[in-house]
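Please see the structure below; I have some questions.
Per-chain residue numbering starts at 1, and chain names A, B, C and D are given in the order in which the chains are listed.
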Amino acid sequence: MKKGVMRPGHIQLRVLDMAKALEHYVELLGLIEVDRDERGRVYLKGWTEVDKFSVVLREADEAGMDFMAFKVLDEATLGRLTEELVAFGCMVESIPAGELKGCGRRIRFSAPTGHRFELFAEKEQTGKWGIAEINPEAWPRGLKGMRATRFDHALLYGDNLPDTLRLFTEVLGFDLAEQVVDPHGNRVAQFLTCSMKAHDVAFIQHGEPGKLHHASFFLETWDDVLRAADLISMTNTSIDIGPTRHGLTHGKTIYFFDPSGNRNEVFCGGDYHYPDHPPVTWTAAELGKAIFYHDRELNERFLTVLT
Amino acid sequence: MKKGVMRPGHIQLRVLDMAKALEHYVELLGLIEVDRDERGRVYLKGWTEVDKFSVVLREADEAGMDFMAFKVLDEATLGRLTEELVAFGCMVESIPAGELKGCGRRIRFSAPTGHRFELFAEKEQTGKWGIAEINPEAWPRGLKGMRATRFDHALLYGDNLPDTLRLFTEVLGFDLAEQVVDPHGNRVAQFLTCSMKAHDVAFIQHGEPGKLHHASFFLETWDDVLRAADLISMTNTSIDIGPTRHGLTHGKTIYFFDPSGNRNEVFCGGDYHYPDHPPVTWTAAELGKAIFYHDRELNERFLTVLT
Amino acid sequence: MKKGVMRPGHIQLRVLDMAKALEHYVELLGLIEVDRDERGRVYLKGWTEVDKFSVVLREADEAGMDFMAFKVLDEATLGRLTEELVAFGCMVESIPAGELKGCGRRIRFSAPTGHRFELFAEKEQTGKWGIAEINPEAWPRGLKGMRATRFDHALLYGDNLPDTLRLFTEVLGFDLAEQVVDPHGNRVAQFLTCSMKAHDVAFIQHGEPGKLHHASFFLETWDDVLRAADLISMTNTSIDIGPTRHGLTHGKTIYFFDPSGNRNEVFCGGDYHYPDHPPVTWTAAELGKAIFYHDRELNERFLTVLT
Amino acid sequence: MKKGVMRPGHIQLRVLDMAKALEHYVELLGLIEVDRDERGRVYLKGWTEVDKFSVVLREADEAGMDFMAFKVLDEATLGRLTEELVAFGCMVESIPAGELKGCGRRIRFSAPTGHRFELFAEKEQTGKWGIAEINPEAWPRGLKGMRATRFDHALLYGDNLPDTLRLFTEVLGFDLAEQVVDPHGNRVAQFLTCSMKAHDVAFIQHGEPGKLHHASFFLETWDDVLRAADLISMTNTSIDIGPTRHGLTHGKTIYFFDPSGNRNEVFCGGDYHYPDHPPVTWTAAELGKAIFYHDRELNERFLTVLT
C-alpha cells in the first residue's frame, strides 16, 4: 500500500441472463445479494467483506468485465492519484457518487492492456454479513453453496504488459509479486499486489486487448475447494479444471464458468508478499507447471476461452 | 466377512527396474521396506499394517500384477474355502509356507477374469511400523513421501464379470458394494468388499483378460491427497488424473504411474458398506461422473492404459 | 462379524424436554427426523445410514440410555443368537415387530454391566437421506449443523467388565479392539468391535451399573470437528472437552452435552481393526493420555458426569 | 503500512539452555537454524521467510523477550521514524549494523508497556528455505516437526496500553485491528497490525511491565494444528491449551511452552484487516470466549504465566 491503494473494491461483470447469473453467484458461489439499482444491476458481496458490495452484475448481450475498481485510503489519496494518472498519460473520467449505490465518486481510467479500472475512497460499510459487530462469531450460519468469503482478484488478458506494469507500480504503488518470463526476457505474465496477497490483479500477454480470464473468490480451506468441486458437479456447472494447485502463488484452486461463459475461480491459500520481496519468477518453459502445478501442462481453454 | 475372508493381504507387482521402483514405492509413496528374498523380491508395507508385508515387488520384463492375496480368519477357513473353490470349478494350487518370507501356505486360483488370486491364513505379525505396541502414539515420526497407510485394493480389467461375481460372493463371501450397469442390464463394473470398505477388489469389463488397472493405497485426509499431488510434481512422476473425487465410492483420489507404467492410486475417504446394504448403482450413461466425479468425463487413458 | 452381528442399529435415549432435544439433535448435530410414534418418541438418523432410523428419543424424568441395539445379518442369526444368549445365562425378552416403527422383532437382554441391549434383523431401509439411489451425489444439500453422518457407538460405564467381555466376544462375536489395563492386570476399559471400526461399543469399569458416558456420532473430517466446536459455541451448548484426539483409537473428537445432560461425541478418523489384530493396549498409568491424547490428563467430569 | 513499517522482523528470546531450546525450536517447531554468532546467539527462521532470520535465541538466567523488531521499507523511512519516535518522547538507541549478523543498523526504543522494540531497514535476503528462486516448488522436502512457516507476532503483557496505542498508530502507522473493552470503556487488550494480518503485535493490560505472553508462528492448515498437537504429546512438551480457536482474530491455535517456560503459539487462519476496517470489538464480559472460543472460559495460566 505504498501509494494508498488498499484493495480490490469491486468488479462489474456482464451476464447474459440475470436470473441464471444470480442462481450461479448467490446459490452456488454463496455471495450475498445486497442491493439492486434502477438500471437492473444487482450488487453482491462475500460474507467477510466489510464494504457494502464487491461484485456488480449487469445484464448485457455479451459477457465480460466492464471494469474493476480499487479502494484507496481516503479522498486526499484519490485526488493525488488522479493527478498522477493524468500525468502518466491516462484519460481519467469522473463518475459521481451514487452511480453505484452506496459508493462514493469514482475515477475511471484505462490501462494499456485495454481494461477499464476505477479508484474510489468511500463506500458504505455494512459490516461482515451475518455476524454481530460486537463479539463476532467465527462465521455466520445460513451461508449458501461454496461460501465464498470475498472477491479476491481478477486475471486479465491484454497487450502491452510493460506499460501496464509501470502504471500499476509507479502510479498506483503496486508491487510485482510474481511473473513469467520468456527466453528473450519478456514478461508474459505479471501478478501485481497492493497488499500481502500474491495478487490483487494479474495480467497475461495476449493479442486482443481488454479480455477477462477470470474473476476469483477466496475460500478458507482445501476442504472448501473440494466442496466447491462437488457443488459444481451437483449443479451440472461447466468446469474448467481442478481441484488443483497453481505453481504461480501456489494457491489451491478450481476454475469453472458462470452461465454466461465468464470464468470464475475459487481458491484458498497462496503465498504472501511484502514490498521488499523480489518477484517470484517462473520461466515460460515451465509455464504449464506455473499455471497447473499438478498436471504440468496447459489445456487449450486456459489460453483461448476469454470473455 | 461372511465366509472368513478378512482383507487384501498382499499384491505382487512386476517392475522393470527394482531400484527405480523402490525410489517410487518407498521414497515417494512412503511404504516401508521390510525384507528381501533370495529371488530378489522386495517386501513392503504401509505403516498401519500389522502383518509383515502387503506389497511384493518382482523385477521382470513386463509390468503388471502377478497375483493378489486375501487373508482369511484361520487354517480351518483356508481348508474349507479350498474345497469350495474346487467345487466351484477353480484349479487350486498350493504354495508352501515360506515361499513368501513370513507368510504361511497359500492357495492360488484364477478368477474368470484371468487374474490370479491367493488365500492365506498366517503371516508374521510385526505390528504397526514405528509406534510402540503399548500406549501407541498417533503416528510414527520418520515417514516418507505420501505416508501411505496401507495397501487398500486393486482395480482389475478382464472378461467374464458375472462368473467372477459369483465366485467372489458365493464362494468367498464378498458383497457387491457398487456397480455400473449398462442400458441392457449388463454389469460393466463391479466393486466387491469383504469388509466395511466400499471395495477390497474391483473389476471392470474388458476384452483382454488379466490386466491391472491400478493398485491403491490409503491416505488419511484430503490434505494428504494434495500433499501426494505436490510430491508427484516435485518428483516429476507421471500423473494420470487428480486430485479429484470418484462418483463410485465417493473416495477422494489421485492416479499416477510407477516407473514401470503400473498405475497407482492414493485416496482417502469413501463410503462404507454393510452386508445388508443394497449395491450402489451407477448407470453407464453416467460412467464419466461415476469414475471422475468432478470432470464428469473419462480420459482415454483410464480405459486403455493397463499393465 | 464372526457371529453375524453387523453394527450398532439404534440407541434409545431419554431426554427431559423433547423440543429442546430436537433443537439439539436435529438443528445442531444435523440428524434427520424421520418419524414419531404414538408414545411420543421421535426417530432420527444420520444422513449416510441406509436403515430408517438409528436414534430414538424418549421424553422422561431422567436422562440416560434405555437400550442400545445391534443389527444382525438375518432372522436365522437372530434365532441362533437368542439361544446362545440364553445358554450364556442372559434373561432374554422378545419385543414384537413394530414396537419401534419400521423395526422388526427385537430380542432384549442385559449385559453384566447393567445395560440393556437388543438385537434385531429387520428394519425398513429408506436409503441414504437426500441423495438418489441411482448415481448418488457425494452428499446431500440441505444438511444442518454438524452434519453428523451416523450413530457410531456408545461408551458405557458399569461393573463386571470381564463377564461382559465374554458375552460380547463368545456369544456375539465381537473382538476386543482396544483396552486399558491396570498394574494388576485388570482391564478397566474395553473397546469392542464387530466390524472394522475401533469400537462399536465400549465399556469403562465403574461402581454404579448401567450408566451412559456418551453416544457418539461420526463426522467426515477434522475440519468438521472444528465446525462442530464452532457450532457448540455459537449455540451456547455445554462443552465437555475438545477439539482433541483420543489416545485410544486415535480418533479426533469433541465432547459436549445435550440439554438433558447426556454427553455426546462427534468424531472423525480413528484406527481400523481386523479380527486377527491383537488388542491395542494402554496402561492405566497413561490413562490421561489414552483418553485425551493432547492434554494427557483426565478432567474430573470424564469420570463422574454420567447419565 | 501507512508509515512504512512492513512486518515483524525478528524477536530475541532468552532461553535457559541453548541445546534444549534448539531441540524445541528446530526439531519440534521446525524452524531452520541459519547462523550463530560469537556471543553464542543462534539465528532461526521459518521456511517461507525471505530474510535471513526472524528468531534469535540467547542463553540467559531468566526466560523472556529481549526485544521485538519491525522491518521498515528503507533507510529513509528508518530516519524519518527515528525523528518521530524522539518527538513522541521515546529514548531511541542506535545499534550498529552487524550487531546481529546480516542485519543492518537498528534503532531501539521502549514502549510505554515496558517492552523494547526495534526498527531496521536492511537484512540479508537468503530467500525461502529449501526451494529454488526460479520455478519454486510448493514447499521444501525435509522440513521438521510442526513445519512452522514464519514468526508471525507476539502477545505482550504490560501497563499503559493507551500510550502504547498512540505510539503504534500515530508514529508507526499501525491500525487497531481488534480490542477488548471493559464496561468502563477501558481497552484491556489491543491487537495491532501494520499489514493485512489481524495482529503483528498485541498487548494485554497487566500490572507488571515488559512481560512476554507468547511468541507466535504461522502454520498453513487446521490439519497442521492437529499435527502440532500430536507432536507436543509425542515429545512430552508442556501444553497450555488447544487445539482450539480464538474469538479474537478467529485464528485456530494451540499454546505450549518451550523448555525455558516461554509460551509459544502455532496457529493458522484468522481474519484479515484493511486500514478502513473499524476495529473488531469484544467486551470484557465475553473475555473467555474472546480468548478461547470453544471453552468460553480462561484458564488461570493464560493470565498469570508470563516470562
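Note that in this section a contact is a pair of C-beta atoms (placed from the backbone, for glycine too) under 8 Å apart; a residue touches a chain by one contact, two chains touch by 3 or more.
Remember, predicted model here, so these are calculated numbers, not experimental data.
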item: Of B-C and A-C, whichever chain pair has more C-beta contact pairs; value: B-C
item: From chain A, the most remote chain by mean C-alpha position; value: C
item: Approximate Å spacing (C-alpha centroids) for the pair chain C, chain D; value: 44
item: Centre-of-Cα separation between chain C and chain A, whole angstrom; value: 48
item: Between chain C and chain B, distance of the C-alpha-averaged centres to the nearest whole Å; value: 31
item: Per-residue multi-chain contacts in chain C, two or more chains; value: 138, 221-223, 230, 233, 245, 289, 293
item: Touching residues on chain A, where the partner in the complex is chain D; value: 1-2, 6-7, 48, 50, 71, 73, 125, 133-136, 138, 195-197, 220-222, 245, 247, 250, 269, 271-272, 274-278, 280-283, 286, 289-290, 293
item: For the chain B and chain A complex, residues of the former touching the latter; value: 222-223, 226, 229-230, 232-233, 239, 242-245, 252, 254, 289, 293-296
item: Residues on chain B engaged by chain D in the complex (per definition of touch); value: 137-139, 141, 221, 223, 230, 233-234
